[in-house]
Every structure is written in C-alpha cells, then in structure tokens.
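Order of writing sets the labels: A, B and C. Residues in every chain begin at 1.
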Amino acid sequence: MNDAMIRARGVRKTYTRAGETLTVLDGLDLEMEEGHFYALMGPSGSGKTTLLNLVGGLDAADEGELLVAGESLADLSGGELAAWRAANVGFVFQAFNLIPVLTAVENVELPLLLSPLGRAQRREHAMYALKLVGLEDRAKHRPQQLSGGQEQRVAIARAIATDPKLILADEPTGDLDRKSAEQVLDLLVRLNGELKKTILMVTHDPHAAERAQRIVHLDKGQLGRVETRAAAAT
Amino acid sequence: MISFKLVRRNLLKHKMRSALTIASMVVGIFLLCVLRSLVVAIESGVQGSKRDRLVVQSAVSLFVSLPLNYQAKMEQVPGVAKIVKWQWFGAYWQEPRNFFANFATDPDALFDVFPEIEIVEGSVDDWRKDRRGCIVGDKIAEEYHWKVGQTIPLISTIFPPPQGETWEFHVSAIYRPKSTAIDRRTMFFQWEYFEKGVEPLYGESPGTGTYFLRLAPGADQNEVMRRIEAMYENGPQRVTCSTEAAFQMQFVTMMGNIPTLMMSIGTGVLVAIALACVNTMLMAFRDQAHDVGIMKALGFTDGGVGAYMLGQSLFLCLLGGLLGVALAKGSQPFLMMSRMGAMFPGYDVTTRTMVIAASLSAAIGLVAGFVPALAARRMRSVDALRSVE
Amino acid sequence: MLVPLAYNFRSIFVRRSATILTLLGIGATVTVLTGFFALSAGFRAVYTQGGRSDVVYFLRAGATSEGQSSFPRERADRLVKSTPEIAPDAKGAPLAAMEIYNAVRRQKARGAGETNVPIRGVQPASFELRENFRVVAGRAFKFGSDEVMVGTKLVDRIQGCGLDDVILLNTTPFRVVGVFESAGAAPSEIWGDYERIGVALAVPWANSILARLKPGVNMEAFARRIKDDKENPCKVMTEPEYLEAQTNALGTMLAMVGVILGVVMGVAAIFTAMNTMLAALAARTHEIGILLSVGFRPFAIFVSFLFEALLLGLLGGAIGCLLALPLNGIETGTTNWDTFTEIAFSFRLTPQVLVTAVIFSLALGLFGGAIPAFRAARLAPTEALRRR
C-alpha cells in the first residue's frame, strides 16, 4: 500500500493570457499513495484543476517530472498518452459530460470501444458498471431523461468501466443538490473501499472533502497542509 | 474503431440539417450525372464507330453533294468491299419540331455496310419491294406511335415533293441498332423514290452527301483513304475520306465549346455543393466539439476523433451522392421520353459516369470533413471541456 | 412595427465562416447561371440585333433557312423583276440581291478541329441591304475576281482567314483581301462574288433573294400574294422574322438547359441557405428570447430573419455577378443547328441578365429563409431564454 500512484517533482505550469504570464503550478512536489482517496482543496486559481488535468495526461507540464501509475507522462507521445489514459484513468467531471445522443449504457460503453473486448463483453462490462452505481434500470435512458445525480453516477460508471486504477474527479458534486451529492460521495468511498481505486477529487466543498482519507491543500501553486483523516470509512 | 452509432445518432439529432445537406448532394450529383451523360450523348457516335468503315464526303463543304458515278469508280479501289450512299433529306413530320434524321439510301447496301441495324418489326423484303417504303428507328416509332404498314407524310426542308406539299412514305419495318454508330431516331428510305422525285426539279439526277465504305478484311485503311482522295484531287468535286470515328468526331467538334461548357457548369455545381457540405460539417463540429473533448479525455486518440468527424462527413456525402446517382439512372427512361431524349438520343448514364459521380461524392466528403477532422485532432480536451457550457 | 434589422445585419458578420461559405455557395450557383444566361444572351443578340423590317428574305416554300432553300437562276431573276413591291435603288433598278449560302470546311484555330464556315456569294446590292456594313481592314473584293472578304469574327477563330491568306474552294483558290464588320451573323461569314463563288462550288442556283420593300407595303398581304403566286410560289420573311427563326434549335436547347440549371442548382442553393439560417437560429435562440421579452413582436422576428436571409441572397448574388463579370465579351462558337454552320458569339452580361441574376439570388434567400424565420417567430420567450 505504500507504492506511489502519483509522484510530482518540481512540476511547473504557466499560462499566457492576453500577453501576461500566469504561473499556476510553481515547482510542485507531491506524492500520493495507491489505494487512497484524496481530496484536493484550495481557493480559486490555486491550480487544483490544472494539477488534475496534468495527472490525467490531458495537459502537459512545462517543467518537472510527473509519474502516474508507474509512467513518466512527459515521456509519452500524444497517442501513447491517449492509450495510457484509456487503460489507467477514469474521469468524472463537474458537468457530467455525457454524450447527449447516446443512452446511459452506451455512454458507459464508450471507453470500452478502445479496449480489445468484443461487442457482447463490452455491453456486459458496461451493464456491470451501471449496476455498481445502481442505475441498471436506466440503461436505455438518454442523459436528458436523467436527473443530475443520475447523470453523475452514469459518468462514474463510465469512469470505472475500463477498470482503471486511478479515478480523477473534478468537483463531482459541484452541480448537485445535497442529497445527490451524498449519493455520489458514498459511491466514490465505496469504489475506494471495495474496489481499491485510488481517487483524486478536486473540491471546494469541505463536506465533500471530509469523506476522503486525506485532504491535500493547494495554495498559489504550492503544496500546503496535508490532513490525514482516520475516520474515513463508508 | 469509432462507433458508427455515434455518427448516425449525431446526424439524426440534426435531422433538418442532415436532410438538407443530403438533399443538396442528391441534387448536385444528379445534375453532374445528367451533364456528363449529355456529353456522352454528344460523343456517342464516335464510341460506336467501326474500324472497318470509311466515310467519303466533299472536301469543300458539308453542303456540297458528290456525283453518283463516284460509287462505281470507288468500288474498283482494292480493299473496298461495299459502298452505300446516304443523302440527308432534312424532313419533319407535321411540324418542324417533329424533326429527326432521314436519309435516302440503298436498302441492300445499307445492311451490308451496317450489319448492326437489326429489324425488330416488319421485314426488309417489304422495304425492298415498296418504292415508298422506309425503315424507322424504334425511338421515333415509339415517339410518334407509328406502326408497320402506316403511311407517313413528311415535309422536306430541302427537297420539294414532285406534287402536293408532302412526300409520302410507308413504314415497312422498325429497326433497333446494336451499336451507337446508328441512331435510334433515324429513318432510311429508298434512293429510287428520292431520285425520281427530285430529278424533274433539278433537271438532273441528284448527288449524294456521303458514301459509307466497308473495307474488306485485312485492307489497309490508310492506303484506301489516300487513293480515294487522290482520285479526285483535281475535281470535279474533291473528296475527303475519313474513318467513321473521325467522321463522327466532326459533329462533336462542330459542337465547339459545348462539352467544355457543360463541364464548366459541372465544376460550378461541384464547388457549390462542396461549399454547402463544408458549411454543414463546420456546424456539426461546433456542436460536437465538447463531445470530442470528452472522447479525448476518455482516451480516444487524435486519429480516432479525426476519423470520427471524417466519418460523419463521408457518410453524409456518400449517402447523398449515391442517391443522386440512383436518381440520375432511375430518371433516364423518363428523360428519354421527354423532349430532351429527342434532342440527345445517345443520352446514357454510363457505369463510368456513375463511378465518377460516386468518387466525386466521396471526394467532397473528404474535403468537407477535412477541416473538422483536423480541428478535432488538434483540439485539446482541456480547452473543449472548459470552453463549452 | 419595430424590426431589429441592425441586429441581423451584425449577426451576419459575427458568424463569419458560415456566412462566407453560404455566400460563396450561392455565389457559385449564381456565377454558373449568370454565365449561362450571358451565353444565351450573346447568342440571341447575334440574331436579334440589326434586322430591318423593310428587308425581306425570299426562300423556297418549306425551307426554314437559306442553306435549305434554292432557286434556279432564271426563276430568281424573274421573281425580282416581277415584284413591284421591291424598292428601287439609286439607278432605278430593284434593290435586291441573289445570294448563295454555302459552307466550307475549315480548321478552327488552336487545333480545335474542323467546322463549317458559312460562305456567301453576294451581289452589289447585298452591301446596301445590310445594316452597318463596313470594311475594317484591307479592301472590298472586286466583282468578277477570285477574291473574298472575311467577317471580323473569323480572323482569330478560323485558320487561314487572315489578310492575303488563300482559301481553296474545291479547285479554285480565292485570296482574302479584306475584313468586314456588320450587324447580325455576317461577321462569322466569308463573302465573295455571287458569280465566282457559284462557279467554284458548282452551285448553279441562288439560295435566297434579299430585297428592300417600298415604304408602306403591307407585309402580310405581300407574303400571302407571293406564297400563292401561280408561277413562282415562295416564302417571304422579314429580316427580323428570318433571324429569329435561325435561333430555333440552339435557342430552345439553351433555354431548356437554362431552366433545368436554374431549378436544380437553385434548389441546392436554397438548401444551403436554409441550413445556414437554421444554424443561425439555433445559435441565437437565447438572444431571440431576449428580443421577445424586451417586447419585439414575433412578426418582427420573422421579418428580421427573412431580411437576414434576403441579405445573404443578395450578397451571394452580388458575388456571383462579380465572379461572372470576367466572362463578359469572351468569344466562343458553336454550330447553329438551324443553319448547320459555325456561329461566333460572345458572353454578354446585359443589364437584363444581371437583373435576372439578382432576382434569382433574392429568391434563393427568400425560399431558404422562410422556414427558419417562421420557426424563429414561433419560439416561446420563456423556452428560448432557458436555452443557452
């Protein structure tokens, strides 16, 4: 349990907006262990989402070394990065980001299209994932026919469909009411506890962060306080 | 690797837009097929030409006739097997708009030189025996509802009849040619009837506009052509002897820039529908940029999402294009019955035309899908997920 | 009624790529059609300008053009002398000319193949009977000699039609001594002495007789008298009538192709315009909600969308006309199937052609914009506002 799932060394990321250079991450050092549920907190502009995107290989750091699930992301080409992502990372977004023209089960099946599985197996995996999130009876529904909480659970099912080690969630409860948010958080805790998924969740909601095992604080692109919560259980 | 379902669903989501794009493709490709088929029609005579046939005409003018005694002399040229004369008669039925080609000729020689003329109704014997007999192409028989045995009065724009206003002919038989060298809207009638009719007016026997020569097997085409032209080098009427293909080609060149014109129109049509498809695909990309961002986050490669956009474009354009091709082929029988069929008897939507049209549809699909596919490839999912919603 | 036209006008420029593509699409359609109309106009202009209604053509009954007609010489002579309606010339003789109309095979310039160039054997009165006839280079041919003049349109288009070139008619060589210009189809013809051309081509007859009538002759009665004449029945047509008849086959074909093109390409262009307007509508649903809630009436929204579509059509049409502009004056040629000879003519972007093109493009905008505008007008404000 002591292997590092994510290890960042001197990660630096800057953006140029309207001629001004903005340093979002400034030589960040960070280590996150496999099998834990981390919450990433910090004020707006502290670099939370940027870090999440870097870890998920959606964006590349300007400097520094970033090792995720045993791969040095800087060494991967665009195509290799995509394949790595398909196998190792599941994303959950604040805005759910389901494809509107596909049904729930088809959305969950989407990342499986990238796996070598056959048609029937894909459907089986997708249905299994939907069952895990408790929405097997909504398999044929389109996103617009689901509630926000249900949409987010479908998104989570999509994130775990390929059985990745790492789940990255960006404000997963941000667009949800209290009750739906609790359901989604319960689900994430269960995925961590039962399926041993490493979870990194960006949030600004202290209630949500409470559910994680560890809370990492970011401030101005630097690592701040790290709280370990013993009481993190289902 | 990309789900076809996704392509289909997205196209169905914007039913109106997809339908309009497909419809423009249908219309455009249909028009292209029609234009090309018209060019085919213009050039159809050349295609059907036989290598063993030569044509002798006046070297001076299309309007000048050759004396009849040329035939006997040309028959002496080694390599010439058979000769038949054709004289343009320029007649129409009832009204000038019912115009078709009609020639005075010799029945026996006609079939010797043009074995591809096949009688489908009536008999050649009846034609031979009847001085006023004629054979007509199946297309005109169909168009004017002529039956074998019927008497048809024609008005010649060139030769006034011996008495009355019209020349009278009896339909002895109906033919259908086995190649495009012979038109299905032509009428052939007896030389004798023509000669006896016009002689009193001109005070001498008329000449003929063209002689068709059939070569003996193994004859040297060029040598025959050279000798015949040399025979009349110094008059009384100089002749030009050409292959049948060259003879037919002269009617194509007479059309001048019309085939070029048709093709430039075609190019314009192509540009217009390609622009329409590019427009549609850019709209489609704008709608789906966010989806593409998600797909990339899920691990779809640049190539994968590019193929996905290109797939949509190809699907739309090919579907429209193939429907257009089908429409062009399907409408051929109806067009042939219309006035256009009368003007362009060789009109035919050939397999080659269909293949070209289908390839062009695919090409438009590629062009229209190119920019969205490139944009999808280049797009960073981080931007896509941030920018929309 | 308040219509937010300024708003539409701006939005056309905001959605730039869609607007540009649509304009180009409509433009391409209009270019093709304008070019085609210009071609038809050019062809018609050759035959509809310069005909004089007091000049008549005598043709053999049944013939529709000179090439098909023929008169034995003595009969033609007698006809001219026995027709009192023909006006006298300066010397008091009938102002009439017997003419031969034939064709010679010539190669087109730039290796484009063989064609049939009309050749005309004329008499001295022929010049006086033609409108605007003038020699522009060299000199007129001398009657009685083996010389010809060529029309201006032949010089560059047909091989061997320059000054001092020699044209072989059967076995007789004729020298080109002049180039002439005139109204009508004559600039596409070769002209020589009636007698000499007749001998060279072994044509012992006249194809047609041209004559000017005395003022005040009733054309209808005159045509009837000549048609029913016991001795010499023939057909009389005024010059405009005759020229008009020469546009039958090609004119019909051009008109037919023009209509097909207009309809088919128009439909495709309407679809494109409709697509663009539907996309504009989808992108602006929210804004329409605002307009409605601010107090614009649905009909105003309808009008404003239609205005936007008409503007698209008009701009596309303008682009199309501009793109077609370089075609103006380009010479081309084809065989006129009524005379079986080559006729040269040029693309003519007449005001009429341009007006037709603009009306056509406005129609494209109107038809393409009607449905989207209707949809826009039917949006419920609350529903529209909710959409992003």
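Going forward, a residue touches a chain if its C-beta (ideal position, glycine included) is under 8 Å from a C-beta of that chain, and two chains touch if they have at least 3 such contacts.
Nothing here was measured: the structure is a model prediction, and the numbers come from that model.
If you take the mean of the Cα atoms for each chain, which one ends up farthest from subunit A?
C
Quick check: which two chains are joined by the most contacting C-beta pairs?
Among the chain pairs, B-C has the highest number of C-beta contacts.
Just curious, how far off is subunit B from subunit A if you go by their C-alpha centres, in Å?
Each chain reduced to its C-alpha mean, subunit A and subunit B end up 65 Å apart.
Starting from the mean Cα coordinates of subunit A and subunit C, work out the distance between those two points in Å.
Result: the chain centres lie 71 Å from each other.
Let me have the rounded angstrom distance from the C-alpha centre of subunit B over to the C-alpha centre of subunit C, please.
Spacing between the chain centres: roughly 25 Å.
By residue number and range, which residues of subunit B touch two or more other chains?
Residues 389 of subunit B touch two or more partner chains.
Going by the touch rule set out above, which residues of subunit C reach two or more other chains?
In subunit C, nothing touches at least two other chains.
Any chance you could list the residues of subunit A touching two or more other chains?
none
Any idea which subunit A residues touch subunit B in the complex?
Answer in residue numbers: 53, 56, 58-59, 78-79, 82-87, 89, 91, 93, 95, 97-102, 106, 110-111, 113-114, 158, 162.
Inside the complex, what are the residues of subunit B that reach subunit A?
Within the complex, subunit B contacts subunit A at residues 1-3, 5-6, 9-10, 12-13, 290-291, 293-304, 380-382, 385, 389.
In the complex of these two chains, what residues of subunit C are touching subunit B?
Touching subunit B: residues 17-18, 21-22, 24-26, 28-29, 31-32, 35-36, 39, 60-65, 67-68, 102-105, 108, 112-116, 119, 169-171, 201-203, 248, 253, 256, 260-261, 264-265, 267-269, 271-272, 274-276, 278-279, 332-335, 340, 342, 388 of subunit C.
Residue numbers of subunit B touching subunit C in their complex, please.
Contact set of subunit B toward subunit C: 16-17, 20-21, 23-24, 27-28, 30-31, 34, 59-64, 90, 96, 155-158, 160, 165, 234-238, 240, 249-250, 252-258, 261, 264-265, 268-269, 271-273, 275-276, 278-280, 282-283, 339-340, 343, 389.
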